[in-house]
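Just below sit the structures, each encoded as structure tokens.
Look at the two complexes coming up: chain A is in both, with chain B in one and chain C in the other.
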Partner chain A sequence: MASANCWRCLARPSQRLLVPASLLSTPPTPASAATFTTSAQLRAVKAGSKDDVNLSRHIRAGKNLILGKKKKRPADKGKPPASGERKAFRKRIQLSNNNALEVPGLSEMTAENIVDPSSVGKILGLPEVVLDQLRASEAFKPTQTWGLFRSPHTLIRAETVDLAKQLTDAIGKKETLRLVITGDRATGKSMLGLQALATGFMNNWIVINIPEGQELTTAATEYSQIHNSEQFSQPVYTVKLFQAIFKANQHILSQYKVEMDHMHLPISVNRGMTLAALANVTKEPEFAWPVFQAFWKELLLPGRPPIMFALDGLSHIMRVSDYRSPSFELIHSHDLSLLRLFTDALGGKTTFANGAAILGVCTKGNNPIIPSMEKALEQAAAAQAGEPIPPRDPFFKKYDERVFDALRGVRILNVKGVSKPEARALMEYWAASGILRLRVDEKNVSEKWTLAGCGILGEMERAALYDVRSPV
Partner chain B sequence: MSCKLTPWGAAGVVRNLSVRTRRTPTIPFQIATRSEPQQLAHKTPFIITRRGFSDDTTTNITTASPDQPPPENAYVPKPPEHFAPNFLNADAIAALEKAAAGKSLDDDGTEGLLFDMPDRVGKQEKLQNRYHPVVEQVTKLLMKNGKLAQAQRNMAMILNYLRTSPAPKVSPLRPLLPGSPPPDQLPLNPLLYLTLAIDSVAPLIRIRSLSGAAGGGRALELPQPMAARAPPHRRHFATKFAQELISVVEGKSTVWEKRNNIHKLGTAARANLTHHAVVGKKGNKR
Partner chain C sequence: MTIIMGVNFNEKKLVRAPSLSYDANKKELSPDNEPTLQKALESFYGLGPQLAARIMAKNTIHPLARLGSVPPKTITALTAELSTMTIENDARRIVQDNIKRLRDMGTIRGRRHAMGLPVRGQRTRTQIETAKRLNTLERGGTYSKI
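Showing the complex of A and B:
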């Protein structure tokens, strides 16, 4: 049935004829638009005036049924996560997974078997005591896959034995081992650092660990100028470090007593007090740095236990920090007192009467490129190998002499991928834990080893543990 | 595999035989034994040089001077060696003999390999998909605003959560798929966990409705088994859309009817324009 209306515009024919086209108010047409359609113009008008009379709905006095219109969802009632909660979730460290199977027949790590060459390629468990100490010194990282297995075990690789041997030999001769662990990304540098710390704990050395060099230089913790000095202390971090040292080394520190007079200290420290008490004496940030200096002096006295001082993220402390001095100049990282302590030790300026191990662990994940450090490490590696020392680039003027000083004469331990027998031991452990669902034979081990760039451990984990590939 | 003993194959082998009719200058002992006058004779310009000076009236033809001794042995062309003993021919002849013996011309390829030779991958075939199809499908369902990387990160966290959370307690009221592993094994295989959850809760049938077939304008609803993975709805979206446009222009589309109905309704409801709800109350814009 034909409608009586105009086919196009709903106007009655009479009206349409009477109203001249010039009176019909139409917005100016863009030149490009087609003249027969008004869709674009109508849309443009609609977008501009929002509170138009909306007559597109049927109007009725009583009940109003609205169809096809989106109902407003009620706002999400759940509380948003508190500040820092998500980061805490991201950074939490979980050392066990009750779903994973217990692997029987694995022995525990001891001070003896970590230097034994026959334990290369074995998986050893971390003893309970050492676990607590490592946890206190924040040696575990959230990126490591501890949370997948029943209990923490580590692979003893050739580098581990080599490092542990170097450490114990040097400290046995009351020498200072200054060593930098480098290597490609995800090769297990931090894990090697952890094994070195475990060696220190098992040998009853005093272990001081700075878990992230980055935390000290990115202006994330408070700092204050030290009186009559060009250096800056980081009091809050120092208090935190003190607590970590106290927790991790309590049983050793409590065997030794304070032997010097510390008259200048704002708090009373008398002779006969144990070193553990000294480490725990202050929670006040103002007194933290003077007390730390006194503690360090006490540790350097002859007759004290050897010291292991380790820092992860070495390249972050070899640059100009993000802190500003009162004259608004950027502070070099080595002017931060805690880092100065470390770099002096690493560069060989501090003498340790009882033997010490100073470890710098490089990082490659979030790594600033520092030409001075690269060159210094290159030179140190060449000197260690007995090769001619590569000269500095004569056309580069931004070399930082302080970095060269801090890395003078260090030993280099370059970490590479694991060998195939080591990879096999690791994969057998994964399979025995029930995480790796694969037959561990030569072909599969070779495949994962090759996929991981010749046994780079982090990549092996990615290729084997986090494998959500479809079956071929 | 095509037969390697076709005449074309053999012809190819023969074509590979390099037939050298001239003495090869690169063979070292020949270079060593070559005598000096011969080298000089080689260096003398050929006919082209003379042709270049053709407008020169003076005859400039170099003749052997009487004091120089003539070359000891004159050039005698060698008979062409059809199968000269060089390495190219040795290979080709070996291949020819192989073909004659009825063996494959390609190497077996198993020599020197530690493991078996893998099968050759097809042209359109991927060696391995990066993710399991279920993981891929769920990840893309999680994706918002095209942020795939974020969805993948979430997916990784989801799988890790499944790995580390305690084993589920399955309710007897809602049994899982028959043949599923015991629940305490599920966290060790998060992929299976995910697949089992999805497959157990998924309906086995879907309802297809035949419109108007039930009588009285009602749709007839028919159960239908589901496919393993429901096909994407917009598989031929572009075609369907274009066909709709064509049918609009041709007047066959049902949207014309829709339009007419709306117009009819609008005409009938003209009286409402003077309704007090619209006109009477000022500021009550509805």
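Showing the complex of A and C:
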């Protein structure tokens, strides 16, 4: 028995449907279509002539769920990135941004104003030449926010002036400054290291920078045993370092000539050759380490320019490395020749006739916890402050004597948050660059400074520039 | 292409990789666009991660090295070292001889091997895929999947 009512939705046909169609003035709808809704008509209009009478389907207002029909995604036609391309993108360093506003009235950093106490709390631009040198020595990190600004500028903080002064004083007296920059996470340790390197470049010292300590110890680059020695060299990295030294220090190195006879070298090095040529003489990994040793010996001769040797990620080189010796034992990082060179210099075993600055920059991002290093730094800090030296834990067995040797008598620079005037200068620079959309007044500066745990720079960036920084 | 023990390897191949999965069918020839996370040393039958790590340490090759970056001198040393070891067919023959001996004695273990069934008393109603895959008389041979 057929019912006039709709079976599925139990809706009653309205009175209107029961009235004969001829009495209605509006054009008749098909009998199967419901009149309480206009969606049928809408649908019919939308579908056009193709299935305008195909209304046997039940029609409901609103969305209807269609199951069982999966949409096929169109195949991705783009080429996948070539090998190494993604990493290159991740590690790229962008030092300028044309969308950012140019900040007028900022002066450039010079060798004089970086040691001037009156420039504390100022933003200074990096000169073009120094920029190229810093880039060559890989002083910029991909995590730093250079890419947000028109041109690279840095905040000169009290620590910067202090450090630059220590560096220039020690080197002026032809002494060796051995210093470790430490401090909490994101306080600007690497940035301070960069400013120190810039100081070195501006004072025409020879600057050697190892940008990541962990690149040397995580067993990701070639190594080979040095003949008749317990040490291991890292030839490919040494070649890379040579290239960086050559590029960054070319104009100084080319003023000095080779003065010693290097008979034992596998390649001919004559007297009268410039040091720049010596740095560029080999791209053969096999000869890299002997040539580097010769180069280092030449640099240590009296009458050469002062040396600045810096390494970022100090804690990574204070542990046992991931390399294995031919007898399948793990190699201590200090048995890797390049790192031995650095730790000897940092520990005061190497004597520099012309003055030197050896900088170790700690990192707190992914650093391993090394009790020996922590204790050694603690002791060095106490000695520097003239306090009683904290003793080692007598019940802890695994202290590493070599770490204590490497950090013997170093100076400590503990980096903390910036002061409020410095924070204000920085925020004004951000605002002038068009990145910070905020009135820079006492209240806002205080707010960001407090949010950042008393002016920790990385946290201030997070608090203020969160929405514009690149997602690294 | 680098040749170790008469096997051609793509230059981009890692000498040894930390992961353990390996498909033996791809060993003999690898086209140039092969994924690079394959292993060269571990692709030899009878040479696993432990031995590979030791051989590499002995020749001071770092764990992420690719074959293209290993100097020819070291490759020669590797080949010389591998030629003294019981790997590939020698290693296969040992395993196959053991199975054959069991079968010839008429033991249950030998029979089960020959039938491709579990050898050590496991149930066979379900879950015998590993046994089906591995247990043959010609274990590790041409038609075997390892």
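The working rule: the second predicted complex is superposed on the first by the 393 of 472 C-alpha atoms of A that agree within 3 Å, B and C clash if a C-alpha of one lies under 4 Å from a C-alpha of the other, contacts with A are read in each partner's own complex, and residues count from 1 in each chain.
By definition in this document, a residue touches a chain if its C-beta (ideal position, glycine included) is under 8 Å from a C-beta of that chain, and two chains touch if they have at least 3 such contacts.
Keep in mind it's a predicted model, so treat the numbers as computed, not measured.
More chain A residues lie in contact with B than with the other chain of the pair chain B and chain C.
When the shared chain is aligned, chain C comes close enough to touch A:326, but chain B does not. With both structures placed on the common chain, the touch criterion links A:229 to neither chain B nor chain C. After overlaying the two complexes on the shared chain, residue contacts for A:437 are found with chain B alone; chain C is out of touch.
Judged by the touch definition given at the top, the superposed model places A:100 against chain B, while chain C stays out of reach.
Touch criterion met: A:219 reaches chain C, while chain B stays clear of it. Once the two complexes are overlaid on the shared chain, A:255 sits clear of chain B and of chain C alike. Against chain A, in their complex, chain B makes its touches with residues 114-115, 127-133, 135, 156, 159-160, 163-167, 184, 187-189, 191, 260, 263-264, 266-267, 269, 272, 275, 277-278, 285-286.
Chain contact summary for the complex, chain C toward chain A: residues 36, 53-54, 56-65, 69, 71. Across the complex, chain C is touched by residues 83, 219-225, 232, 236, 286, 322-328 of chain A. Chain contact summary for the complex, chain A toward chain B: residues 3-5, 10, 51, 53-55, 57-59, 61, 94, 97-101, 147-148, 434-435, 437, 443, 446, 466, 468-472.
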